[in-house]
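Labels run A, B, C, D, E, F, G and H following the written order; every chain starts at residue 1.
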Amino acid sequence: QWKGAPEVILGATKETAQIISMAHGLLEGTGRAIISRLRPESILPLQTEFQAYTVRTLAAARAMVIYRPDYIRKQTGGHIGVISAGTSDIPVAEEAALIAEEMGCRITTIYDVGVAGLHRLFGPLRELLAQEVDVIIVAAGMDGALPSVVTGLVPVPVIGLPTSIGYGLGGNGVAALLTMLQTCAPGLSVVNIDNGVGAGITAALIANRVAQAREHQSQ
Amino acid sequence: QWKGAPEVILGATKETAQIISMAHGLLEGTGRAIISRLRPESILPLQTEFQAYTVRTLAAARAMVIYRPDYIRKQTGGHIGVISAGTSDIPVAEEAALIAEEMGCRITTIYDVGVAGLHRLFGPLRELLAQEVDVIIVAAGMDGALPSVVTGLVPVPVIGLPTSIGYGLGGNGVAALLTMLQTCAPGLSVVNIDNGVGAGITAALIANRVAQAREHQSQ
Amino acid sequence: QWKGAPEVILGATKETAQIISMAHGLLEGTGRAIISRLRPESILPLQTEFQAYTVRTLAAARAMVIYRPDYIRKQTGGHIGVISAGTSDIPVAEEAALIAEEMGCRITTIYDVGVAGLHRLFGPLRELLAQEVDVIIVAAGMDGALPSVVTGLVPVPVIGLPTSIGYGLGGNGVAALLTMLQTCAPGLSVVNIDNGVGAGITAALIANRVAQAREHQSQ
Amino acid sequence: QWKGAPEVILGATKETAQIISMAHGLLEGTGRAIISRLRPESILPLQTEFQAYTVRTLAAARAMVIYRPDYIRKQTGGHIGVISAGTSDIPVAEEAALIAEEMGCRITTIYDVGVAGLHRLFGPLRELLAQEVDVIIVAAGMDGALPSVVTGLVPVPVIGLPTSIGYGLGGNGVAALLTMLQTCAPGLSVVNIDNGVGAGITAALIANRVAQAREHQSQ
Amino acid sequence: QWKGAPEVILGATKETAQIISMAHGLLEGTGRAIISRLRPESILPLQTEFQAYTVRTLAAARAMVIYRPDYIRKQTGGHIGVISAGTSDIPVAEEAALIAEEMGCRITTIYDVGVAGLHRLFGPLRELLAQEVDVIIVAAGMDGALPSVVTGLVPVPVIGLPTSIGYGLGGNGVAALLTMLQTCAPGLSVVNIDNGVGAGITAALIANRVAQAREHQSQ
Amino acid sequence: QWKGAPEVILGATKETAQIISMAHGLLEGTGRAIISRLRPESILPLQTEFQAYTVRTLAAARAMVIYRPDYIRKQTGGHIGVISAGTSDIPVAEEAALIAEEMGCRITTIYDVGVAGLHRLFGPLRELLAQEVDVIIVAAGMDGALPSVVTGLVPVPVIGLPTSIGYGLGGNGVAALLTMLQTCAPGLSVVNIDNGVGAGITAALIANRVAQAREHQSQ
Amino acid sequence: QWKGAPEVILGATKETAQIISMAHGLLEGTGRAIISRLRPESILPLQTEFQAYTVRTLAAARAMVIYRPDYIRKQTGGHIGVISAGTSDIPVAEEAALIAEEMGCRITTIYDVGVAGLHRLFGPLRELLAQEVDVIIVAAGMDGALPSVVTGLVPVPVIGLPTSIGYGLGGNGVAALLTMLQTCAPGLSVVNIDNGVGAGITAALIANRVAQAREHQSQ
Amino acid sequence: QWKGAPEVILGATKETAQIISMAHGLLEGTGRAIISRLRPESILPLQTEFQAYTVRTLAAARAMVIYRPDYIRKQTGGHIGVISAGTSDIPVAEEAALIAEEMGCRITTIYDVGVAGLHRLFGPLRELLAQEVDVIIVAAGMDGALPSVVTGLVPVPVIGLPTSIGYGLGGNGVAALLTMLQTCAPGLSVVNIDNGVGAGITAALIANRVAQAREHQSQ
């Protein structure tokens, strides 16, 4: 935990039994276990195994958090904006939001405001900036154009989170990732396709650092 | 010429002597020779060879048009908007504009209005639409996000023209092309990277067809 | 609707319940809901949910249109040719045709006339041109050679629509798309692999613009 | 020589001195040395070194053949058609023709008949078939569509020879090669981009085998 | 049939009903229907539908031939060698052999003689050459090295047939195809990965042409 | 400047005259012009043109900053670590450092501490953390492994900056970028290959935000 | 067996019946059959068929070894270290270990010590070197950084074994393989993604050669 | 030097002055400096700078070794075979040989024995094995088939060294590397394209380890 980031169990490459055993380990150690990229067939057995615990399941995002009954999540005061271009990008955006929340941050979401309907973006974005957001995550698949547009409009760092939405050449998030890497709007850095965990942890590390400085100030 | 599109000599793969001989052929036939992707070393010899003719050279765009003194370009009444995202994309945008102009269209250009400075786009774009533009070409390199943004804002067909500006992964226009292919704004079709000739001819075929229908109307 | 193009629900990345809810929204707003890339398991539930409506299902094309009983489709007078290279390309061609039809265009189809049997192409193509077609969509997988051939023969703009037919290197439509991007026949622009929706909307925007000019004329 | 194919010195990766020494070796052994992909700076030194020999240089094709004065090329009676799509593809087509000629075949060429001007193809192709051609090589860059078109029209085996003409995505012959691999016209096999040597040898092995059978017949 | 090559129904992209209808068409026309890349679920319905006919099924090769009871296959006298590198490559090799056989050729097969056990190759290959083979097909996946080795050893044209055997980088036949395209043994041309149909037709066109010349001789 | 990030002139795609004119514009507006990716031939003319100004040239990094004599750079109090894996990565690391410095940050550099000599890393890294660094940029080419190693060791956000050092498959920075995108150490986000400008601006936006919060505190 | 490496049956591309028949062949010949990449549905039938034999099944590694009851495995004295970066990489590491063990080597494993938790590596690695290991296999997916780190720390040859763990760009082992190919730590050679068999045989050939020299010494 | 491998200066990315300074450092420390991938323009200045030293230059391999006059190279007794497929692959093979020699190994070379002339391989290979070679490096470009062939024939570990010889798809060593990764001959591991340094060090680490065991034996 020295890193300031929780360990996350990558569910996709593990047997349910292995996940259960690793989750027990984390629950004993830290009071909480976070599992990402769960295979559908693992969800029910996990919920059954941990029915004495508080279990939070994000089905679409394929993520789960298990808390020891006495677990209390700290609040850091960091504030993160999470924006999605399409409705199809919401599950990945939610994975990022979940991880950042588990790291103590406050999350404000703005969904389905991609470049095909850009007019829906400006108002909510202005409000977000007014609320002193520390960093913004922008999830986008297909053309992946939204993160560049947002970065061109805001004075805070932006994390581009490409999603695997899209088919044909450049599909499965490839075009989205490449266009973010090629951005002409400075201040955008990226994580890999569908890597909500990485985006969430990076954003929370930034927001929590700012929050910590703020806190010292208010003392 | 039945196609409605002029023959264009691809200069890059030909010796100067070969270009001169092909240009003479076209000048005799149609009164005009258009050469694209000229190698720098071919420009001076061509200007010397054709000094008795009217020669129009676009150095940055590496394009040249040679007219027989008596050549008169027809005006079709088609109207095409040509937009560039960065200043680096202007030469390719100009190649497209040149070809479309040679096909009789009126061109309105809006340059350097990419997503890093989107506020510069809205005004000129509104004006362009007010002038009843028939089709818009949007040239963009690097992130190639502008064509999707424009297509989301206008009710006319848009031709995406990726340029080879940009380095690193997805550089040389690859990310720009892929993001255009993956556009979530319907009404965008694309040509290959740096293919100003293709974009110009396609746009002019569209604009001239609309213009032709308009003309019949005004008779 | 200001765009002149209908909103299309992308079925592939959504739960059936989500599609139903979005369809109800569109039906209330515009009297019609178009869904593309439906997963097979969504078809029956949708037909059941909307049995009080008129439902048009294109099973092979995985597309569905739902109309409010009182919905009347406008006719714009635009005319689009839709050509397929093989019989395997027909579903994608039909997706494009469906969208363009929903945008008010008249469609003429020519199917299974690819370069392995080119002699079957010339007659129907000549007829199509005689009927004053405004724009032609050519769907082709595998070698994707047909759009270049057609573009070389006609004086109207052509939209290349690569399909994911084909296996091995360059399979799944990649070779088809690349060969269209590399066309040496000017006047061809392309959309992404299997993007019948994009091809249909682009073609309809063109055809409707021409039709509008024609209409003004006949007034 | 048991293979029925001559050894060809690949000039591009060798110092001039090394080429000269290998050429002397071949001239002593077989009376002839063939060099392909010569670097421009090697041509003059080679011509000087071998001025006592008969030297045939194809500058554009970057190929050279050196004959001992007493060398007499055999005639096998094999007949090969060599077709090029564009004028830019002619040098590679000529490399193929040269090698096949050196293997004793008769060559008939048809140049600049690509799919953008298909009507120029049909006449000469009919004539070629009337002359009992044994195999056809079709060189094409950019869209690489011509080999599939030709294969769909003729009853003899066709060798597709992609050339590195073309820029942008799929440029440098990649799209051309992929579309040939994806051909829907049966009877087309391919060699690598710009590999005129490979195409020429393959075609000559086929033609010479047929010719040999024919010869036996006429005895 | 003028092409000298039979029409082959590509089963993978078609519904069983569509295949049945196309097969009936071919059976009426030519007395025989060949289907390739059959989906497993289509096999039984086809066998049931055509039980009054002679049906030849190659399950592993996913191919089927249906003959009208009175159908008699011609024998051309062409002779083709079909070699496979591994046992996993045999189904694709068999698809090629089947098509060539249906075009009237005699087939000699040599299986499982790849470069990891090269000593098993030399004997059978020498025998094959002794039997005056006209052309050789070499099917190989994984490293795809065998076609180059064989081409270096024989004086007849070789068709490289890469198979999709192999995993990891360059897997699914990509490395096999690329190494064949890069061959340093002249006389090798290739078809796409798993394209047994293409290899078979190309080889048969060659062999039948030689056979025809031979026949004329023996008259 | 509202963005908090300076405009940077991309020198690589512009004529010297164009750069001079854009630099004059920036100098008038903000008192400073930053130019990146300068072509070697532009350096001297720029130094001559602006000899009345203070000019800072980083030859290896191909970057230049020109200051109006009265220009005073603000100090924000942000602190950024810049680490390079090899000596070959230093120029790109310096480009990032320069931009961040121009945005008012303090920079601490640690160079040539890649995974082939990891023992050289630990001491300086511990010191860096002791100095309360806000964010770390890690530049690495070839295997690009260092950013993941550093991210696994520190509790601050890390920006991975792949460089184009390296040849063969995955060369020119591709493997470096991919391995960073695939990092199993959470908290690493990346910019494109050689994009020191992007890394520098992103890091400075983060550091300046933290610094701003700190400042408020100390008031 | 002259190669010093056992024949391994590749299960993935074979029917169960085919595997059984090949296994019987090997058991008769050498007393042992090794099968890799088994499809899950083949495991039970094989265990049933060979219940009179000793069967060793590694379910996660999808590998099986069948021994004739009288089979005695030789011990060569070679010593191989097998390291995995993550827990997800263990099955591939185990495949390599199994093969090397079957070739008579002693195996020491160190699992789950990747760069995100590097401190877990140093102790066990020091111990391994103290035990005079002859060669080390390092299995890693995702970022694939561990083999370079290990190679930088040890004086013995290292075999990099990339695994297909990881998603997004560079996923399925591609980034892992590329970063190993680009290593800046000399002494690392690699096998393909998930190729535990190749890594195991290579390592065992090395270790056994050293062991053989050692043995001669101790006589 | 603890690694048992010398430090090698990568010349390609460094200024001559930087190389000279690093070479002086190594000469002081170890008495020897090895430089690889030298740019041609660095060779003469280096020879001039170090004329008081013994300088060994391999021009084609772009490598240089500088020895302090008193430097004595150790002999380990390790024995390495270095094989090249073509004459064009010799420079890369020589780079590998040079490095291994500098690590104290004895080298036996066999050049120009690729699969197009396989008969030239068998004799020399048999001799090499008779001389108790410890490990074999096989350098090959174009089809890269030779390493698999050699690995199938010998009982020692083989290092595949792909070279950048070859053009077209899979050119510049890509096909060669992929085919080696896909080898069906167990016991082959690879280094990156043109990485003679990596191949040489890996082979020497193996050979020296075996030699060390042998030495102990003879005491």
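Note that contacts are C-beta pairs under 8 Å (C-beta built on N, C-alpha and C of every residue); 3 or more make two chains touch, one makes a residue touch a chain.
Predicted, not measured: the structure shown is a model, and the values here were computed from it.
When the contact pairs of A-C are matched by residue number against F-G, A-B or D-H, more than half turn up again in D-H.
Counting C-beta pairs in contact across E-G and across F-G shows that the higher total falls to F-G.
Centre-to-centre spacing of subunit G and subunit H amounts to 26 Å, using the average Cα coordinate of each chain. Separating the CA-averaged centres of subunit A and subunit G is a span of 37 Å.
The centroid of the Cα atoms in subunit C and the matching centroid in subunit H are 58 Å apart.
The set of subunit B residues that touch two or more partner chains comprises 152, 168-171, 174, 177, 181-183, 186, 192, 195. On subunit E, the positions that touch subunit C within their shared complex are 10, 12-14, 18, 37, 162, 164, 173-174, 177, 192-195.
The touching residues of subunit B, when paired with subunit C in their complex, are 2-5, 8, 134-135, 152, 154-157, 159, 177, 181-183, 186-192, 195, 197-199, 201-202, 205-206, 209-211, 213-214, 216-219. Listed in rising order, the residues of subunit G touching subunit F in the complex are 85-86, 114-118, 142-145, 148-149, 151-153, 166, 168-171, 174-176, 178-186. Taken in their complex, subunit G has these residues touching subunit A: 87-88, 165, 167-171.
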